[in-house]
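Chain lettering (A, B, C and D) follows the sequence in which the chains are written, and residue indices restart at 1 in each chain.
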Amino acid sequence: MSEEIKWEKESDMPLMAMSLGRMTVNKTGSWRNLRPVIDKEKCNKCGICWKFCPDVSIEIDSEDYPVVILDFCKGCGICAVECPKDAIGMVKEA
Amino acid sequence: MLEIRFHGRGGQGTVVASKVLAVAVAKEGRYVQTFPEYGVERRGAPVVAFTRIDTEPIYIRSKIYEPDHLLVLDPTLIAAIDVTEGLKPGGWIIINTEKKAADFPQFKDFKVAIVDATSIALKHRIGSKAAPIVNSAILGAFAKITGFVGIDAVREAVHELSPVKKDENVKAAQEAYDVAKAPEEK
Amino acid sequence: MRYTIPEQEIMCAGHKACQGCGATLAMRYALKALGPKTMLTLPACCWSVIDGPFPYSSVGVPLFHTAFETAAAVASGIRAGLDMRGDTETNVVAWAGDGGTFDIGIQALSGTVERNDNVIYVCYDNEAYMNTGVQRSSATPWGAVTSTTPPRHFKQERKKDMMAIMAAHGIPYTASASVAYAEDLIRKVNKAKQIPGSKFLHIIAPCPPGWRSSPEITIQLARLVVQTHMFPLYEIYEGRYYKLSMDPKKKPLTEYLKPQGRFRHLTEEQVAEIDRQVDERYARLKEQAERSKPWFEAKKEKKD
Amino acid sequence: MQKVMMGNHALSWGALLSRAEVIAAYPITPQTEVVELLSNMCADGSLKAEFIKVESEHSAMAASMGASAAGARTFTATSAQGLALMHEVLHWATGARLPIVMGNINRAMAPPWTIWTEQTDSIAQRDTGWIQIYTSSIQEILDSVIQAYKVAEQIYIPAMIVLDSFVLSHTNENCEVPDQDKVDAYLPRFENAYKLDTEKPAAFGGLTGPDWYYELRYKIERDIQKALPLFEETGKEFEEMFGRYYGLIETYKLDDADVVLVTSASIASTARPVIDQMRSEGHKVGLIRIRVFRPFPSELLRKLLSGRKKVLVVDRNISFGMSGAFYAEVKAALYNVKGRPPMWGYIAGLGGRDVPMDVIKGMIEQTMKEDHPTQDIIWIGVKR
């Protein structure tokens, strides 16, 4: 995870627009209005949801189940559509 | 400062001749500046090149309007253009021709010297019959007649700058040097 | 769990892509295949925004942002610079959208591949200038609506055949791919990595805002575009030898067109016109693949 | 080694001696001999460089950027239309802080088609953040390539070496080719501290908002200003090693001069014998040749010009709707100085019109005759 980079003056920053950190500072979870919820009962651990996530927001846990990283998931819903077992539902964010 | 103008046709080696002279002069430790008449002339068209020679660094960078001396690589140009335009009275005109110096009465205000550079070039098989390359020979004659540059420096420069037939070009320069004669002072 | 694509994530979360962005998946997959010893150059395109603002980045490899029409030329320069400093291993990749490839960047691209410079050029194709708000490009398909081709005057020209243009340069490897077929896409990137000279990859990347489609059907569309023969997946070796990566039974075109707002205005006759174009092109492709079979067989025998 | 060479070849030799590693260039009259000789040098192995034979000047600069970003010393050359085509990427090279060195042969802009000299092509690029060195001899062209790398690579600012079409590009003259060993000692191998590096992956040039873009521009300006002392330092170092000094400007018989001619490039060279001639006629005239136009040596000019009786600036370029560029900038530099001299601005030699000694003398004489300049542009030799 990257830390937010803060400068006060020009001498703090590099010579040119050169990146110093990763975009993981940007918690895109706030973009989401629908949240994927995984039903472990139905999940067959195929990994298709992980494969098709454009936001790198699904991780595989130690038991091979997918886990949605809510800090970053934008709620596009691809995982729910592509899940062969209908194990992912999209629920409204409160 | 000496200012010299070269007249020829595109493809005859006129610009190269001016460069060879410059290299020869530089080898003798003097300052030179040489440049063609800038343009987009094509093969066969009249071509002009200039050389400045001095013992001091040369700063002037304008064209040469009143040259001290001329080299005419192609005698047919004499009828076509006024080669003497701006030429200072008493200046040398060195002409590549089969004719005699006396055949150029129109140049009475100048000193005319001739050399048959074409025959010398053909003898040494430099260029083709249709397009002999005469620069080496005419420079040999220039060295002899004017004494502005030594034949050794000319030979070296010719050798250095000839892309092919280096030895033949050197021989042509030497032969022209040997045969060239300044006309008697009037 | 059975991973069908490499586990390693080089691109990170937090990037600025729209929900359901196909171009982002293209990058995620490509980087998995390319690995960390890769340098990217990126002209103006959606990815200039997606990667993130200064001083952050999401791609996880060195990236040189560059002017719209220069991706290929900058890649050539990076390659030459690395080669001169003794690094002939690092993958140099130009990563451009359809605008930077089909249109404004085609001159530099043609120069780079004509010289057969050892770079991989990837065009992620979302079929319009999406970064500036969906204006038509020469990659926009016939019939589509964009902000410069409104419904009453939809795109009247066919999509430029960029694959054929690249093949005409005779480069060693040209391939099309879709983000719905991640394994195939990754296989092709891996192949491109192994072949010296210029490689061109053309990746279809659905764009929910531009295509006026729901973000959740991005993969479905990327699959249907292949299944309807709208965007066939194939490879071209040495500019001459064609190989279909898959030859699916053609699905009705409407399955692909209907969910997209950009095609909603089309009449049945107009859909039939697209269908005709698709069939014509697919038949030609199959013919080219058929003619190339002996070459692939000879190559296979040689290997055996 | 003593040679007789043309200005274009002096650029190629400069690149060779600087050990340029990547060259990306596209031919254009009157620059072609630069790339032809470099191609031959690469082909015969005397120059160990990769020559990318790009399809346009735009790609020449783009490929140069890529090579420089990858850490290689990079060279290119162009002229006029080619330079104009590069315009966008010239800004890019500066913004990306890539110390590329480029030769530009000053050729007048079309239409109408023309190939003769004028500075408007490079003057039009003065706001791109490139260092601009206007040369006035073949020797200076060669030496300037080496010095330009030395300056550019210390401050991560690209540099352009400018020479007159034909008058310098195609003129052959004596040129001392420095020893490679000595050039190597003067100009060490380039190590780009900000190169693309897979060990330290970073993105360069990403979207930057109003909060920090401003500071990045500030840094470019701060660093290009550093070139002013750097030219003097590297010039002195160059003089110690090679016996020739190159600074920001060159002065001639300036000390007691009442009337000072300020100009550049080949006109400044022809002006020297004019000054000699007029001095011998008893006129207290002097010459300043502006060599480095970007960054502009304002402070130095203020020091040298304030208190003079009259200054005339001769421009072989025109910023349409204003005046000659050197004139405008010399005037601007002196505006806040007490005792600033009146300044005359002449336009001469556009499109390669020859500027011989008598024309230069005429401008000085006209200046001496008039009490005060009455117009921003004095056209010399217009047929009207």
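Here, contacts are C-beta pairs under 8 Å (C-beta built on N, C-alpha and C of every residue); 3 or more make two chains touch, one makes a residue touch a chain.
Since this is a predicted model, take the numbers as computed values, not measurements.
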Legend entry - Pair joined by the larger number of C-beta contacts - C-D, B-D: C-D
Legend entry - Chain centre separation (chain A, chain B; CA means) in Å: 81
Inset, instruction - Calculate how many whole Å lie between the centre of chain C and the centre of chain D, each centre taken as the average of the chain's C-alpha atoms. - result: 43
Inset, instruction - Indicate the whole-number Å distance between the mean C-alpha point of chain B and the mean C-alpha point of chain D. - result: 35
Legend entry - Averaged-CA centre spacing for the pair chain C and chain B, given as whole angstrom: 63
Inset, instruction - Would you give the residues of chain C that are in contact with at least 2 other chains, written as numbers and ranges? - result: 51-52, 54-57, 60, 63
Legend entry - Junction residues of chain D - those touching two or more other chains: 96, 202-206, 208, 212
Inset, instruction - Give the residues of chain A that touch two or more other chains, as numbers and ranges in rising order. - result: 13-14, 17-20
Legend entry - Chains that touch, pairwise: A-C, A-D, B-D, C-D
Legend entry - Contact footprint of chain D on chain A as seen in their complex: 7, 9-10, 13-20
Legend entry - Contacting residues of chain D [partner chain C, same complex]: 21-22, 24, 48-50, 52-56, 58-60, 62-72, 74, 88-89, 92, 96, 196-198, 201-209, 212
Inset, instruction - Name, in rising order, each residue of chain D that touches chain B in their complex. - result: 2, 4, 29-30, 115-116, 136, 164-168, 170-174, 266-267, 269-270, 272-273, 352, 354-357
Legend entry - Residues of chain A that touch chain C when the two form their complex: 2, 5, 13-14, 17-28, 31, 45-47, 51-52, 54-57, 60, 64, 69, 71-72, 74-78, 80-82, 90
Legend entry - Residue ranges of chain D touching chain A (in the complex, touch as defined): 95-97, 156, 194, 202-206, 208, 212, 215-216, 218-219, 223
